[in-house]
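Several structures are given next for inspection.
In the two complexes that follow, subunit A is the common piece, with subunit B as its partner first and subunit C second.
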Partner chain A sequence: MELGKRDPVTGRTTTGHEWNGIEELDTPVPRVVLFFLAVATLFSVIYWVLMPAWPLGWTYTKGLLGFSDRAVVAQAVHDAATERGVWTDRIANSDFAQIEADPALMRSVKETGRTLFADNCAVCHGTEGSGGPGFPNLSAKAWLWGGSPDQIAETIRVGINAENPDTRSSQMLAFGRDGILTRPQVNDVVAYVRSLSGLEPGAGSTPERIEAGREVFAANCVACHGDAGKGNHEVGAPDLTDANWLYGSDVQSVFNTVHGGRQGHMPHWQNRLTPVDVKILALYVQSLGGKTP
Partner chain B sequence: MPNFHRKLERSAIGFVVAIIVVSSIGGFVEIAPLFTIDETVEKAPDMRVYTPLELAGRNIYVREGCYACHSQMIRTLRDEVERYGPYSLAVESQYDHPMLWGSKRTGPDLARIGGKYSDAWQVAHLRNPRDVVPVSVMPAYRWLEDNTLRTEDLGLHLKAMSRVGVPYTQAMIDNATNDAYGQANPDSNFAAGVVERYGEATNIRAFDGEPGRVTEMDALVAYLQILGKLTNAATAANVAIKE
Partner chain C sequence: MIAGLTKGERQLSLAVLTVLALCGLAFAAIGHDDPIGTHGFIILLVAIGLACVVIAGYYAPEPDKEQLSRYYDDPTRAGIVLAMAWAVFGLFFGVWVAALLAWPELTFDAAWSSFGRIRPVHTTGVIFGFGGNALIATSLHVLQRTTRARLPDQFSPWFVLIGYNLFCVLAVSGYFMGLTQSKEYAEAEWYADIWLVIVWVVYFLIYIRTLQRRKEPHIYVANWYYMAFILVVAILHIVNNLAVPVSFGHAKSYSLFSGVQDAMTQWWYGHNAVAFFLTAGFLGMMYYYLPKRAGRPIFSYRLSIISFWGIVFMYMWAGSHHLHYTALPQWVQTLGMTFSVILLVPSWASAGNALATLNGAWGKVRDDATLRFMMVAAVFYGLSTFEGSFMAIRAVNSLSHYTDWTIGHVHAGALGWVAMISFGSIYALVPWMWKRERMYSSKLIEVHFWLALAGTVVYVFSMWNSGIIQGLMWRTYNESGTLAYSFVDSLVAMHPYYIARTFGGLLFLLGALVGCYNIWMTIRQAGGRVVLQGPDVDEPALAPIALQAGE
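Take a look at the complex of A and B:
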């Protein structure tokens, strides 16, 4: 190996490596690479000074800028809220009637309400609010706890049978399972309840049976569902005379409801949604399925 | 220096060692300090441990590979915070062995799913997601409500967790099997022990809607309903805001 030997063609020195007569030029690293190395080094030194960088045992260098991801996101959320404040402040400070009377504000409510509903409510109540077995249909206007925006907002805030101290609570007793009614009585009242909304009578649903069911109903059910079976918003008892059936309208489903009782559960949203969000959702939910007749 | 390099380059073993040393510096500087810097894991005195039933649910979550589609980490980004809630803190997964932060979201993040939906919804959704969310691509997990939960070895699971630093007491380990039953059977004699050992805030319900037999559905729903609720540290975290 011969160090410092010059290549006769280029005039450069060689590395001294030789393979079968082929020698390697000792070409220096191009200047531009060294330039970028220098720039990158300079950048990192500046970065170390400005940003959180070096670990120091139990702590670390905080950097002159005091940068923190958490502060950035908190600020971004705050700024976005401030930006929305142009119209959310008006929602916070107006009552529902005033908001509803303002078409521009209602447009914002519908737009934002749709997103809020999709993120929080749609998995149970459906994207269009049409519900499902055990999850109330919000577009049918068959409200369990009242359909005014104030009532809806309260339901959203405290939930139903939820962990909130102010929660709305209701329970339909297990009339059959807990032995409050005998099995024939349950069958009678099922036939009667189904007749209230004019459903096709099930097998064995004779007029005598319906008549017997009326007496069972008067003795056990009217406290919550009312004399005429029209329900009661105070206790979340559904209207039995309309076409909406939360748990199904066939004989077996109604039997299951009377026999085993029902106790739906809606979580409360007080800790997850802001008061403005709740107001927006209340108006949005009320608008589902068109205007109240 | 050129001579030193020339020598090093010609010693195969020496050069390999040198490469390992140099390339580990980055890892050492970035990772090792996380174990010593006291800010890495926040303080959360109110943090409680998973109950045996929740731990069993967590094991099912791992078994069924839920983490492949669901993350459990809300990042410090505005859109995530607005959709899911406060960003996740390290302390919230301090009792997670292994952690289930996940790296991919085919489904939504679950870090704050606890209490967001009712037990009935969770059960209906696991039975067949399309019954409640028509456009869902999540598989159905019907067998969870058929399978009886294996509870007799839960004490050993707790013991293993305590070996890696989860503060389970001896009483918790000894009563693990009974506590798992009690948490899913509010009317049973074992329910009181769960409150006594794990606190008033513990969810004690028939999670799958049917008291009596403890199923894998009970365990998984119990776990889902506690996600994000082991501590309030995340909602309490406060960062200065400029108006």
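Take a look at the complex of A and C:
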């Protein structure tokens, strides 16, 4: 290979270097590259002059615009709060009845409640509030602790079996495991409880057994669930006569509940949501289940 | 393998393997109740297995003078096979982890298959397993051909290749067990990191020792890039992995940095890993195999040089663009953003230099899928570097950051650029290395090319869509001044794109499998060795070299 050989395709000469057959053309750097290098550099220099840019020991060049991320964020947060304050202040200062009587305010509650619910509650209760095994269905009107906005707000604030000092506490005892009831007694009361809501009787669920279960129920369960099994909002005892089953309605599930007990847990939100957010959520959650408490 | 080593090197191998086995034994003994114990056993088994190989070949005749005067390509051949094996492994886990995002139940309730574990298995498998092996294999080939010097010895390239793969195995098996430093692309724990440093220093020494003995007056630009890759990755790896182990018997360690300093160190590392591992190394690959395959001279020597220095200088500043609008001081963000913008110029200059080199060879690009792989790689390099500089602008980043747009950008680079230039180079290299006239099937290279291109396009487009929708949903307010969408709403919107992305990844994986088959059949091709007439003539490196006039 001779030095400065001419390449027939481009008409350029090569540099004379050659590595295992690879050569290089002596093409000058295209003008457009230098042009864009200049443009990009100019842009950067101007940006450095205007904005915080270069470190100077303990400080840095502040830039001619005096721009500061912190200030911008603080201002944006302030502006957003002011804008929202138009209606959130009214939420804060009104009771639930007043809020519910104001259709415009309720529209904001519904809009905001939906995202608040989806971001904070949906992980357990589902995006539609329909719950799942162990997580109550909030759209079924089957309230454990009461369905008025005040009651719901209190549940959100303090949680259930949570670490809040005011927490709502409830415990279904482990009647079988802890030896309070014998195994036949557990089977009897399971048959009786399932009969309360008119479920298909399971295997071995004879009328005699249901009768026996009624006596077991009267002796052990009515304290929380009430004489008719209608439940009690004061202790979070569920209504056993309706079609809602927190842990399942089949014989095995009900047996597990009576035998091993249940202690559901809902975290408290007192320090994570603002009082206004709790109020909005209470109204939103109530709207999922209709108005009747 | 062993027949290529001299007597002294066989003894050295046994000595090194004994030390390695003792280290493994010590870890296995001290860390019996810790994942480090499992790793001790793996190290011990690897060392014993390799020692058996060395002992089995110990009394084989030594290589003669003629053999020692030729280029030493055994490690390159092994590296190609390893790279393809890691490609299939890493891409398979990529498809799996993509599918997990659409169908979360695909973990099958196992801990080892949870997202947090198989995601780094995927990234380490493709970046370090596939990319790293491809870089080591090609760099050893390019280094010898462009210096006309044999590798300095036979032991150290094997030490680098096997040692590097041991690092990859320790890293990946650690993730399955739940080990991680929680640093992206630097998840491997302290002992694996220390091992990699030793391997990497030997790798660098191979380069230096070969370049010292070169018979070409100039160092070709590909070697500049490979050298930058090796040197800077060493610096990045050491600094970012500075950590204090809980004890020498525990796998867990704690980083030397904390808070925003830790974040900045991590992204200085992370972005320069992109720069020097995924860019500089593969540019080295491109600068050799593309002009070689095209049979054209490099478009502009000067452009190669200014691009090299531009890329090397500019990238070092750019890492902070990963931390826009965070606790990182704004002036650091400014520097990261502005240098990222300037960086576009040398990046495009490199891509342009590659594409302009093809002038006069576009007919070949049309007919030869191997060269087309490299051409498309250069195009994707240009596309993703433009996108990268664009996304580094703070205003753009406020939309794109934390969204799938970033994932799309990374894969435009990783699939479109890194993997495509590797496949193209490997298809060029395999017939040279195994002395075949050509690949087993050029049709299958076509099939691989179109699968890879289709997979990349489907993947990148779905992530662009998904990312921009996500970004917009996260910043849309309703009339009440509340965010209009919950996070769950944005997940629901992502779902179809996650399915499309999985499909794109699957196409890419299928392409790689086709490539493996093709390479395997080329290696096994009937007819044995053909005398090579191609462009990669193996002259004995010791043959007298006539210097050109004036050099």
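Rule of thumb we're sticking to: the second predicted complex is superposed on the first by the 211 of 293 C-alpha atoms of A that agree within 3 Å, B and C clash if a C-alpha of one lies under 4 Å from a C-alpha of the other, contacts with A are read in each partner's own complex, and residues count from 1 in each chain.
Just so we're on the same page, a contact is a pair of C-beta atoms (placed from the backbone, for glycine too) under 8 Å apart; a residue touches a chain by one contact, two chains touch by 3 or more.
This one's a predicted model, so the numbers in the text were calculated from it and none came from an experiment.
More residues of subunit A lie in contact with C than with the other chain of the pair subunit B and subunit C. In the superposed model, A:9 makes contact with subunit C only, not with subunit B.
When the two complexes are overlaid on their common chain A, residue A:55 makes contact with subunit B and with subunit C alike.
With both structures placed on the common chain, the touch criterion links A:203 to neither subunit B nor subunit C. Legend: residue contacts after superposition of the two complexes on their common chain; A:97 is shown touching neither subunit B nor subunit C. With both structures placed on the common chain, the touch criterion links A:78 to subunit B but leaves subunit C unconnected. Once the two complexes are laid over each other on the shared chain, residue contacts for A:119 go to subunit B and to subunit C alike.
In the superposition on chain A, A:64 contacts neither subunit B nor subunit C. Taken together, the two complexes place residues 55, 60, 68-69, 80, 119, 122 of subunit A in contact with subunit B and also with subunit C. Partner subunit C is touched in their complex by these residues of subunit A: 1, 3, 7, 9-10, 14-30, 33, 36-37, 40-41, 43-44, 47-48, 51-55, 60-61, 67-69, 80, 83-84, 87, 107-108, 111-112, 114-119, 122, 127.
Contact residues of subunit B toward subunit A in the complex are 29, 32-33, 36-39, 76-78, 81-83, 85, 87, 115-121, 124-125, 131-133, 235, 237, 239-243. In the complex of the two chains, the subunit C residues touching subunit A come out as 145-146, 148, 216, 218, 220, 288, 291-292, 296-304, 306, 310, 325, 329-331, 334-335, 337-339, 341-342, 344-345, 348-349, 352, 359-360, 478-489, 535-536, 548-551.
Interface residues of subunit A facing subunit B in the complex, by the touch rule stated above, are 55, 57-60, 68-78, 80, 82, 119-120, 122-124, 132, 134-135, 163, 264-267, 271-272.
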